[in-house]
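Letters A, B, C, D and E mark the chains in the order given here, with residues in each chain numbered from 1 onward.
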Amino acid sequence: PKPMHAEKNNINYRLKWLFNASVAGDIYADEKGYFRAEGIDVTVKEGSPEKNAINELELGYADFGVASADQVIRAINKGADVYVIAQLFQVNPMQWIYRKNSDGTKEFEIKTLQDLKGRHIGITFGGNDETIMNTIFTLGGIKKREVRITGVRFDFTPFLRKKVEIWPVYRNSQGVILEDKLYREGESVGFFNPSDFGVNFVANSVITSGKMLQQHPETVKKFLNALIEGWDAAMNPENEAITLELVKEKDKSSSSDIIKKQIFETRKLVKPTESWETGKINVDAWKQTEAIMLKEKQIEEPVNIEKFLK
Amino acid sequence: MLFKRIFQFIIVYFTGIISLMIIKYTLSLSNYVIPGLPELAETACDHFGQYFFDVINTLSVTLLGQIISIFMAFAVGIAGRKSSWTGSFIKVTAYNIQAFPIVALAPIIFILLGDGFLSRLLIASMICYFPLLLSVLGIMASPVKDMEHFYLVTGKMRWQLEIKIRAFENLGKLTTVITGSATLAMAGTIVGEFIAANAGIGYSIRVALYQSDLGKILIALLMIGIVISIYQGFLETVGERIKAKWLGTSAESTSLTKEV
Amino acid sequence: MLFKRIFQFIIVYFTGIISLMIIKYTLSLSNYVIPGLPELAETACDHFGQYFFDVINTLSVTLLGQIISIFMAFAVGIAGRKSSWTGSFIKVTAYNIQAFPIVALAPIIFILLGDGFLSRLLIASMICYFPLLLSVLGIMASPVKDMEHFYLVTGKMRWQLEIKIRAFENLGKLTTVITGSATLAMAGTIVGEFIAANAGIGYSIRVALYQSDLGKILIALLMIGIVISIYQGFLETVGERIKAKWLGTSAESTSLTKEV
Amino acid sequence: MELTCKNLQIYYPQSNTSVIENLSFSMKNPGFNAAFGPSGVGKTTFARVISGLQAPSSGEIETRNIDRILYTYNLERIPGWSTIKMHIDRVTDSIREPLKQILIEKFAMKEVMHLRFSQLSMGQQNRINLIRYLLQDFDLLVMDESLANVDEKLRSEIILTVKELFPDKMFIYISHHLMEVSRFCNEILVFANPSDRQRYTMVKGLDYKKGNINKPETTIKQLLDTTMLEIMNAF
Amino acid sequence: MELTCKNLQIYYPQSNTSVIENLSFSMKNPGFNAAFGPSGVGKTTFARVISGLQAPSSGEIETRNIDRILYTYNLERIPGWSTIKMHIDRVTDSIREPLKQILIEKFAMKEVMHLRFSQLSMGQQNRINLIRYLLQDFDLLVMDESLANVDEKLRSEIILTVKELFPDKMFIYISHHLMEVSRFCNEILVFANPSDRQRYTMVKGLDYKKGNINKPETTIKQLLDTTMLEIMNAF
C-alpha cells in the first residue's frame, strides 16, 4: 500500500515493567510534556510479565512498546512485523545477586566464571536469564552438574533464606531493594554481571511495527525524539530531584531513598559512559544475542536481526 | 453478627501473625524474611489508608464479578441440569474451560480483550463462577419429586418452575454457597488484578511481592480480611431477609414457634 | 460414556482453535501472536509426548490434592455445620484463609514449607478445597428432619450419624461436586506448579509463557483437557458405583422399575 | 368410558414374589370406584402403573374414552414460596373459578387459604392437594390415600361433594376405610394377599350419592354389613 | 403415672385464633389413650407440645412418673443405606431381641425386612417406624397417625398386641378412626372446633384388650355405639 505519511495522534506506549525507576525516562517524557511538545498525544501504559508489547502492536492496542531482545528476535522469527527503534539499556539489567559473606566468614566474590562452580544458582526456566546463564556456562566450560540450579519464581525467599546463593534480579529495581534490605541486616552483596564476561545479551528496547514506520514515519520520529529527550533529562544528574519526584508520584510504595538508588543504577545501564548517546542501538550486541539464541535453539534459523534495527 | 465476624477474623489474623513471629524468632530469621512487629506497625501506619482504598476498589470489581458469575452459574447450571447430550455437553464445556488455569488462559484473554477492566472482571468471574456452578448444578439436577409430580402429570411443568422449586427447596444451601462465593469472587478479582490490572489491592500485592516486602503483604491481607468480613456479613443479612420473605416467616415468628 | 466425554471435549477444544484461527486470519496476525495450524501441528508433534508425561505428573499431584481437599472440606464442613460460636468461627477461618489469593500467601507457604512438592500440593489442595467446602457446608448444615427426629428424641444421635444421614440424602449433589472438583484440583495443581514447581504441566506452561509461545500453551491445554476428561469419567463411574451400592440399586434393577 | 387390564404382571427385582400377578379386570362407566386391600398388597404399585408412571412387567392396559389419567397421593407437597391460595389460583383455569370456590368451601379449607403448605395440618395438606387435582382436566383420577389424614365426617362430606360435582368422571379411590369404601364406591377392586386362592375380586359397593340417603336407616345398615362382609371375604 | 396440662394455650403468629385454647386435663395410669378430633383442630400441635418438641405459648405441663416421652408421626423416614432389618437391629438393645421378633411377626413385617425403607408400601413404612419406637425406652409414646396407612384388620391386631406387650406404658394414640378409638382406647381427649362451646371433652372408651372380647356381640355393638355417639357429640 501507498505510504500515507499522515499523522497519528492518539498513541499508546506499552512499557515492559511496572512504573518504577527503571522506566524513569518514559515517565519523564510523559509528565514533562515532551510528547505534547512534539504534537503527539501519548498514553504511557504500565507493563508486567504477563503483558506483551509485541502482541499489542499487532493487535493495535499499542503503537510503540518496550520488549527485550529475545522477545523481538523470537517474534521476528515467527513473522511478526516488528522493528527496533531504540535500545534503552546498553547493559542488560538482568544480573545475579549474591552475598559476599555468604558462609559467614570468608569473603566471596565472583571474579572469574570458575567461581560459579559448585554454587547454588537460581534461574527462571524459560526466561532470558536461562539463556544467558547457559551461554555463561558454555563460555566458562562449566558443566551443568558442576553447579546446582533451582527454578526461580517472582519472590526471593529462597535467596533471603540462603537456600540459593546466586539469584537473578533486575539490577536497577529489585537489585537495589534487595541490596538495601540485606545491607540493613549487615550483609553486603555483589552482583554478577554477564556483560563483564563478554556476554552482551540485549535487554529493553523500544519497538514499533513496520506498518507504523511505513505509514507514519513522522510520528515515529517525533515519538522517538521526545522519548530520548525524556530519558536524557531523566538520567541527567542535575535533574535527579525532578526525576525522583516524578517516579515517586507513580511508585508510591517505594521510599525516596530506594528510588534514588534505582535511578543511579538505571543511569549506569542507560549511559555506561558520560558521552554515550542515549537509546543507541548496539548492533553487535544484537548480533551476539541472535547468535546465542540460535545456539540455544531458541530460534530455528537466523533472522538477520540487523535488518530490523532502525 | 457483623462485629462477631470481624472479631473472629481479627482472631484468625493475629493467630497467623503470632505463628509467623514464633517461626521468626525460633529460626531467628532476619527482618527481610519476616518483618518484626515494629516494622509491621510502621508499614501499617504508612499504607493503611492506601490499601484500604485499594481494597474498596477491588470490592467494586468483586461485586460485579460475583453478580456475573452468579448469573453464569445459574445459566449453565440450569442449561446443564438434564442428563441429555446437550446437558452433558454444556457441562463438559463449562468444566473444561475451568480446567484451564487462568494463568494459561490469560494470554488468550488479553489477546481477545486487551488489558484493563474487562479482563480483570472476566478473570474474577471465571474463578468465582465454577464453584458456584458446581453447587447450582448439584441442586438443579436433583428432582423434588413430591412437589414436581403435580406439575409433571398435569402438563404444567415449565423449566422456570422446575428451577424455582429446586431452588426453593435448597434455599439454605444456595444462600450459603452464594455468600461463600463472595470470598471466591474477591480472590478471583485479586488474581485478576495480580495478572492484569493497574489498580486494586491485587496490584498492590504484586508490587509488594516484586519488592519482596512481606510486611506490606501482611497489611494488605488484613485489609482484605476486614473488608470481606463486612461484605460477607452484609450478604448474609440480605440472604436471611430473602429467605424469611420466601419462606414466609419473619424473625419474630420463627422465635415464637421455635423448637425447644 | 468416557468416549462421549472426550469427544465432547474435542469439540469444545477445536471450536476454540477455530475461533482463534478466524481471529488470526481476519486480523492477519503473525504466527507470533497466534500460531497457524501448521505451526500448531508441528508443536504438537514435537511436544505431545513431553506434555503428556507432564500432565500425568500433574495428575498424580492432583489426585493427592483432591483427596486432601475432600478430607479438609468434610472436616471443616462438619465442624462448621452448627450455628454455634465455634461453628461459625471455623467457618470464618476457612473463609478468610481462602479470601487471600494463593499468590499472596505463596511467600508465606514457601517460608513455612520450602519449595517443591509440598508447596505444590498445598496450593492445589487450597484451591480445590474451598469450593468443596462451600457445598459440603451447605449440605451438612441442613437437617433432614424426618429422618433425624427418631435419633434425636431417643438420644441416639451422634455426629457421625447426623453426617451420614445428610450425606446420604444429598448423595447426588455430593458426587456431582466431588467429580466436578477434579477440575478444580487440576487447575489448582497447575497454578501451584506455575508458581512453585519445576515439574508438571503448569511448569511447562510457565516456560511457554515466558517465551510467549501460544502454540505450546494450546497443545498443553489439549493434553490437560484430554487427561482431565478421562480422570473425570473415571470418577463419575466410581461415583455411580458408590451411589448404586449405598442406595441398594443395581443398574439392572433401576431399569426394571424405571419411571416411564 | 372403560378401563381394562389384561393379565397385568408386576414384580420388583428385590422381591421374590410378584406384587401384581395376572390381574385382569374392567371398570366401565364414570363413577366412584375403589381399590381396596391389605397394606403392602400392591395398590400403589397398581395405581402408578395404570396411571402410566411405571411400566408393568407384562400385560396390557386399555382405555376407552379415557384420555387424561391423573395420579395423586397423600405425600405430595405444594411449594412454599406463597400461600396455598396463590398456588391454587395459579394452577386453576379461570372457567373453573366457581368450582374452586365450592371445593374450598366444601373441603373446609376457607379459613386456612392464607397459610403456606408447611403450616397446614396433615389433613389440610391432604385436602388442598386433592382440590388442586380436581381443578385440572382429567377423565380418571386415581386418589392414593388422598384423604388418609382427614377425619371421617369431613371425608364423607368430601366424597359426596366430589361425586356430585364430577358425575361424568371416573375415580379410583384407594383407602383403608372399609365402611367408607363400601358405602360410597361403586366398583371395588379388592386385592387379597398372595396366599389366598383368588387374588382379585370385583365387589359392588352401595355407591351412595348425596340424594339417595332416603332409604330407612336399618336397610342401609344391613346393606352395608352385607357389602362389608363380602369385601372382607375377598380380602 | 400421670400427665396433666393446665390452661395450655398455643397460637401460631400467622393464625388469627389460638390453636389450643385454655386446655386443662389429666390422664392417669398406664394405658392406651387417645387424642381425637377433626382435621386441623390442633392434635399434632398438642402432641408436639406435650412431647417437648415445641414450646406452648402459655400454660403448664406436669408429669409424674413419666420420664421419657417419645413422639412419632407417620411421615418419618428411615435412612436408605441399608435394609430396614439392619436399621432395626442397630437401634435395638440386645435384651429386647425377643420383643423385636414378636413385633416384626405381629406387625406382619417379616417378609419385607430385607427391603430398604423407600421400597416399602406406605403402610409398611408406618409399621416399621412404629416398631423401632416401641423398641426404645419410653414411658409415654405419642403416636401421631402412626398407623394411618395400614388396613383396619392389621391395625386392630397391632393395637391389641401393643396393649398386651406394654401394659405399664402410657400411649396417646392420634387417629381419625372413630370406631377404633372408641373400641381400643381408655381415656379419649376429644378436640372440638373453636366454634363449639366446649372445646375439650374427656370421653371414656371401651379399652378392649386381647382377653376381654368375651362379652356377647350385641352388647359390644351397643356399648360401642354409645361411646361413638358420645364422642361425636363432643366433636
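We adopt the following convention: contacts are C-beta pairs under 8 Å (C-beta built on N, C-alpha and C of every residue); 3 or more make two chains touch, one makes a residue touch a chain.
Remember, predicted model here, so these are calculated numbers, not experimental data.
Chains making contact with chain A as well as with chain C: B. Taking the mean of C-alpha positions as each chain's centre, the chain lying farthest from the centre of chain E is A. Chain D has its Cα centroid 50 Å from the Cα centroid of chain C.
Spacing of chain B relative to chain D, judged by their CA centroids, is 51 angstrom.
For this pair, chain A with chain B, the centres built from the Cα atoms lie 37 Å apart. Measuring from the averaged C-alpha position of chain D to that of chain E gives a distance of 26 Å.
Counting partner chains per residue, chain B shows two or more touched chains at residues 29, 33, 107, 111, 206, 209, 212, 248.
Residues of chain E in contact with two or more other chains: 12, 14, 53, 75.
Residue positions of chain A touching 2 or more other chains, listed in rising order: 50, 52, 55, 59, 155, 157, 161. Of all the residues in chain B, the ones that touch chain D in their complex are 146-147, 149-150, 153-154, 156, 164-165, 168-169, 246-248. Residues of chain C that touch chain A in their complex: 27, 29-33, 35, 39, 106-107, 110-111, 114-115, 195-198, 203, 206-212.
Those residues of chain A whose C-beta lies close enough to touch chain C in the complex are 49-50, 52, 54-55, 58-59, 71, 74-75, 77-81, 124-127, 150-151, 153, 155, 157-158, 161, 163, 298.
The touching residues of chain E, when paired with chain D in their complex, are 12, 14-15, 37-44, 74-75, 108, 112, 114-115, 119-124, 126-127, 145, 148-155, 176-178, 232, 235.
Touching chain B in their complex are the following residues of chain A: 18, 45-46, 48, 50-52, 55-56, 59, 61, 154-157, 160-161, 173-174, 177-178, 181-182, 184-185, 251-254.
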